[in-house]
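Pasting the structures here.
One chain, chain A, appears in both complexes that follow, with chain B as partner in the first and chain C in the second.
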Partner chain A sequence: MALLDIKNLTLYIDIGGDTVKALDKVNLQLDEGEIRALVGESGSGKSLAVRCIIGAIPEYWSIKADRITYQGQDLLNMSYEQRRQIMRREIAVVFQEPTSSLDPSVTIGEQLEESIPPELIKRGWFWQQNKQRKRIAISLIHRVGIKDHDQYLKAYPHEIPIDVSQKIMIAMALASEPKILIADDSTRGMESTTKTQILRLLEKLNKTKKLAILFVSHDLLAITSVAHSMTVLYCGQTVESGKVKSLLKRPLHPYTKALLDSAPSFQLSLPTKSPLIALGGTIPTLQHLPAGCRLGPRCPNARKECVIVPPPRSIQDHTYSCHFPLHVPEKIAKRAPKLSRGLGADD
Partner chain B sequence: MTKILSVRDIEYRHFIKRGLFGKQQIFTLGPISFDMYKGETIALIGNNGSGKSMLAKALVGALQIEKGEIELMPDADAPAEYAETQVESPAKGANDDSQRFSVALPQEARINARKQDIRMILQHSADALNPALSIGTVLNQTLKLNTKLGETARREKIEETLVKVGLLREHYYFYRHMLSDGQQQRIALARALLLDPKIIVADEPFAALDPSVRSQTVNLILQLQKELGLSFVFISHNIGIVRHISDRVIVLDKGQIIEQGVTSEVFTNPQQAITQKLIQSHFDLVEKHFAKL
Partner chain C sequence: MKLFIRYLNLMVVTIFILIVLSFFLPFLFPGDLLTNISGIVAQSADQRTALEQVYKLDQSIFHQFIFYIESLLNSNWGVSTNDQSNLYQEVSLAFPATLELVGYALLVSIIIGIPIGFISGLKNHNPFDFSVVTFSMVGYSFPVFWLALIFITIFCLQLEWLPISGRIDLLFDVPVETGFILLDIARSDIPNKPDAYLDALHHLILPTASVAIVTTALFIRFTRRSIMDVMDKGYIIAAKSRGFTQRQIFFKHGLKNALLPILPILALQISTLITNVMIIETIFSWPGIGRWLIQAIYQQDYPAIRIGMLIVSLFVMAMTITIEFITRAMNPARERAESAAV
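And now, the complex of A and B:
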């Protein structure tokens, strides 16, 4: 059974009197012990999807979904307390930009100790408890690969390098021994050495602790090296999802192909200084969303039919939403089983 | 290939002091020397805090270097319209071909010339644009401060540059918030190109961009370089892009150049441990990618 299961998640945002669908029928599944990558450019709604999962959205936005479940428990219809408990103990999030997520006025050690849930501390006098907290904090920091704990526990966030603070954020997330770790753009703007370290750390946690990881990023190189499966978002719509291997080998959606092509590292045959393959234009803003498939205006093989939202279809666990998928003859594409677009289909 | 810039033993010290009684730490950049040729792309790579940004700032003159020289070789076919602003040089009559700004001109004039011929693109182009001014006004300021062009000439120049970077003339009236990330990056590039520079220095121009926009920007830079013969110095963490667009790489560590050379040679045969680690960690990821195919 899927650990986290999201089906047809739609998020309505009110902008200047208009209601727009910032997320449009997003499907996402995270199985136990799996690393799933959520890929998308900025403005594709990947961070919004994360915020919907953890429930950190303002009251005036409305969510509509067939289901958002965690281990079979419905996250949308549970009490605030219950949901908080799950978020506290089972699902941990590492937010973007560690430097702004850490409290600048408190030392790393104190913040780390604060994130340890009281259930993990054995009973005792307060000094004994403090000692235990400290011990746990040190072991956490060792676990994420920082050896010099004394130096960093006493430091303030601005005094430590960005990759160390990223690791500290991961350590804080691991404090409650969660089942799911959501890493929101953890490798952004890092050089390759530190990036590999963070990725290796995530991979190790996944293997040793059976931690399920939702890896949110647009760094394809990082994704393809760690993730087992991936979901590609474009402009709030799920474009394609499946095993990383099959997506890399045979991307069905033109957007996925364009994303893969845009990384020069993946094209060994490309001579240096030659132009890269790029889709024209940019991701549309929420005010100017095109009708139907949102890639439409930028898509190289868009046709008349594309003004209607393509239903998600699936071929052997490889789901795509496109009227004219690449690599698939039209006949087979038409016959591929449609997945339900949900009851709330209002367009 | 003509040499257009020569950097000789530049040094800069950065003082870091923590707390009232904290011990003062000194970060020393340099001595650094390298040459730059026309139409060449140099990539600066290195770990965080290795002094890459500092070197970039020193090149454009945003940091006052303490020792050494940055010499800009005067171009034989320099555009005439800016000749006026480039301050009369006392040694103009000298028939020395390699006439040097640094020798011939007083300090201020030298910096002025450098301001026009070496331009910088900042990392977050969005933050570098004034949200209260239209793009036209922002670009106008650059021209007003650096040239003696009249109003119509300025306007023409701006529109011409906007078209050059793949935008429309109408973008003159746009404000920052009306533009996407990629377009803002293009404006930053336009601002750098306005004064017809010989060298553009960019501090992580691609880091904040999305993959598809990044490819567009890379293509634009490659195309401009081909058309205008620009030289380009850029800092990047993205080894894939460094490999793709740079002719030479300079590896920095602790303020020193530890390795430099032609990109393909450095990448196939890195000498220093730090370079090896940087490159190896990238290619490990690439290998993992191809292993999955």
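And now, the complex of A and C:
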């Protein structure tokens, strides 16, 4: 059974009296012990999806979903307190900007000790408990690969380098011994040695602790090196999802193909001095979302049928949402929906 | 420690500049320089030469300045032109009365303004928040002198609940010791102390209220804005995602971070507060430094103006720098900015 199961998650954002669907029927599944990557360009709604999962949403957002469940428990309809408990113990998040996710006025050590749940502390007098907390904090910090605990535990967030604070964020996430770790673009803007360290760390945690990781990123190289499966988002729509290997080998959605083509490292056969392949145009803004499949205006295979949102289709565990997938050019006529019937059914 | 020395240095330099400015004031005032400095109108040529010798007017300007600093430190602040009263005594009588009013107004504003600001900022965009915002806008827009007059009309003249002027009824013969009326009552040995307290508090209500309403409105607005900004920050979202309780998030992460940026702004408000207090003192005949200074200005009492301005500006400056220092010392993130800037 899936640990985290999201079906048809739609997020409405109120932008000055107008409501837009920032996420449109996003599907996401995270199985036990797997690393799933959530891929997409900047602005494709990856971080929005993360915020919907953790429930930290402002008042002018509203969520509609067929289900968001954690181990079969419905996250959307449970009480605030129950949800808080789950967030406290089961799900942990590492946010994309480590420096702004740490309280600037409290030392790292205090913040780390704060995130250790009280259930993990053995009973005793408060000084014994404090000692335990400190010991746990030090072991956590060692676990994420920082040896110099004295220097960093007493430091304030602005005094430490970004890669260290990213590791400390991971340590804080691990403090509650969670089942799921959501890493929201944890390697963004890092130099490659640090990035490799963090990726190895996540991989190790996944292998040794059976930690399920939702790895949100746009870094295809990083994803292909750690993730088992991936979900591709474009502009708030799930485009394709499946095992990383099969997606790399045979992308079914034009967007996935364009995404893979845009990273030259996947194209060993690229001749010298040939132009890099990229889709024309840019990702549309929230105010000007196209109807139907949002890739429509940029898609090389688009036809008029694409103004209707394609339903997800699966081949084994490989799911895609496209009227004209890359592998079945001959079946286009049969599968394409009738325009007259389908138009307006989905607004 | 380094920080403390820095601020001490800043304070000393500013005090020196203020003293230099106040030293040159009598040279700029119209009229006889000797009278402007000493407060005594010389009746004969002999007295004039004697006075000139005392104030070192026959020597260089440097000697005059040294003498000025010496007499400031020896609390020999000269006499008033009008009634030849000792300025040091006058100021030490009037200044505590002002401090008292400023202190109570500040206390009321902090006790009322900051919690209300937090409450309405944490649960914003509900009817309570909207009414708080409206009332603070209205309160902030009142001119202080007008508000005081309205209060007098309503509470003193129409309802006759509260006294119009002064600090305490003349019936109570409280000897002046510290200058703070409540302390003085406590230290005196008059027969009906409870009545005296009650009467003094009655006298305090209106002046404090008229000053405090504006300041409270300001504090509410600053606090509300600040906590709203802080609650949107990444570390609050991160704390929420870690499943901390609301209380834990607010007290551990929200409170300190919201207060840090507004403390310096509040410190800046002290000068506004003192200006307002001076106006209020005049309206309510509160025997404070503001009223005293305005009287001196009316009577062109130049020695009094000089000393009064020096004292008030010293006070404002000392308060501002002290609060700045406290904020700096509390805020760990400021240190880096400090070492980067000069």
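Here is the rule we use: the second predicted complex is superposed on the first by the 325 of 347 C-alpha atoms of A that agree within 3 Å, B and C clash if a C-alpha of one lies under 4 Å from a C-alpha of the other, contacts with A are read in each partner's own complex, and residues count from 1 in each chain.
Note that a contact is a pair of C-beta atoms (placed from the backbone, for glycine too) under 8 Å apart; a residue touches a chain by one contact, two chains touch by 3 or more.
The model shown is predicted, which means the values in this text are computed figures rather than measured ones.
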| item | value |
| --- | --- |
| Contacts of A:V93 with chain B and chain C, given as first, second, both or neither | second |
| Which superposed partner A:M190 touches (first chain B, second chain C, both, neither) | first |
| Which of chain B and chain C A:T282 touches, first, second, both or neither | first |
| Contacts of A:M172 with chain B and chain C, given as first, second, both or neither | second |
| Residues of chain A touched, compared between chain B and chain C (which is higher) | B |
| Which of chain B and chain C A:A258 touches, first, second, both or neither | first |
| Partner chain in contact with A:V106 - chain B first, chain C second, else both or neither | second |
| Residues of chain A at both interfaces, chain B in one complex, chain C in the other | 159 |
| List of chain A residues in touch with chain C within their complex | 51, 54-56, 58-59, 84-89, 91-93, 95, 97, 100-106, 114-115, 156-159, 169, 172-173, 176 |
| Residues of chain A that touch chain B when the two form their complex | 41-42, 159, 161-163, 189-196, 199, 218, 220-222, 224-225, 244-245, 248-249, 258-259, 261-266, 270, 272-280, 282-283, 285 |
| Chain C to chain A touching residues, read off their complex | 125, 232-235, 237-245, 248, 252-253, 256-257, 260, 331-333, 336 |
| Interface residues, chain B side, partner chain A - complex | 18, 45, 47-49, 180-183, 204, 207-208, 210-216, 218-219, 222-223, 237, 239-241, 243-245, 263-264, 277-279, 281-282, 284-286, 288-289, 292-293 |
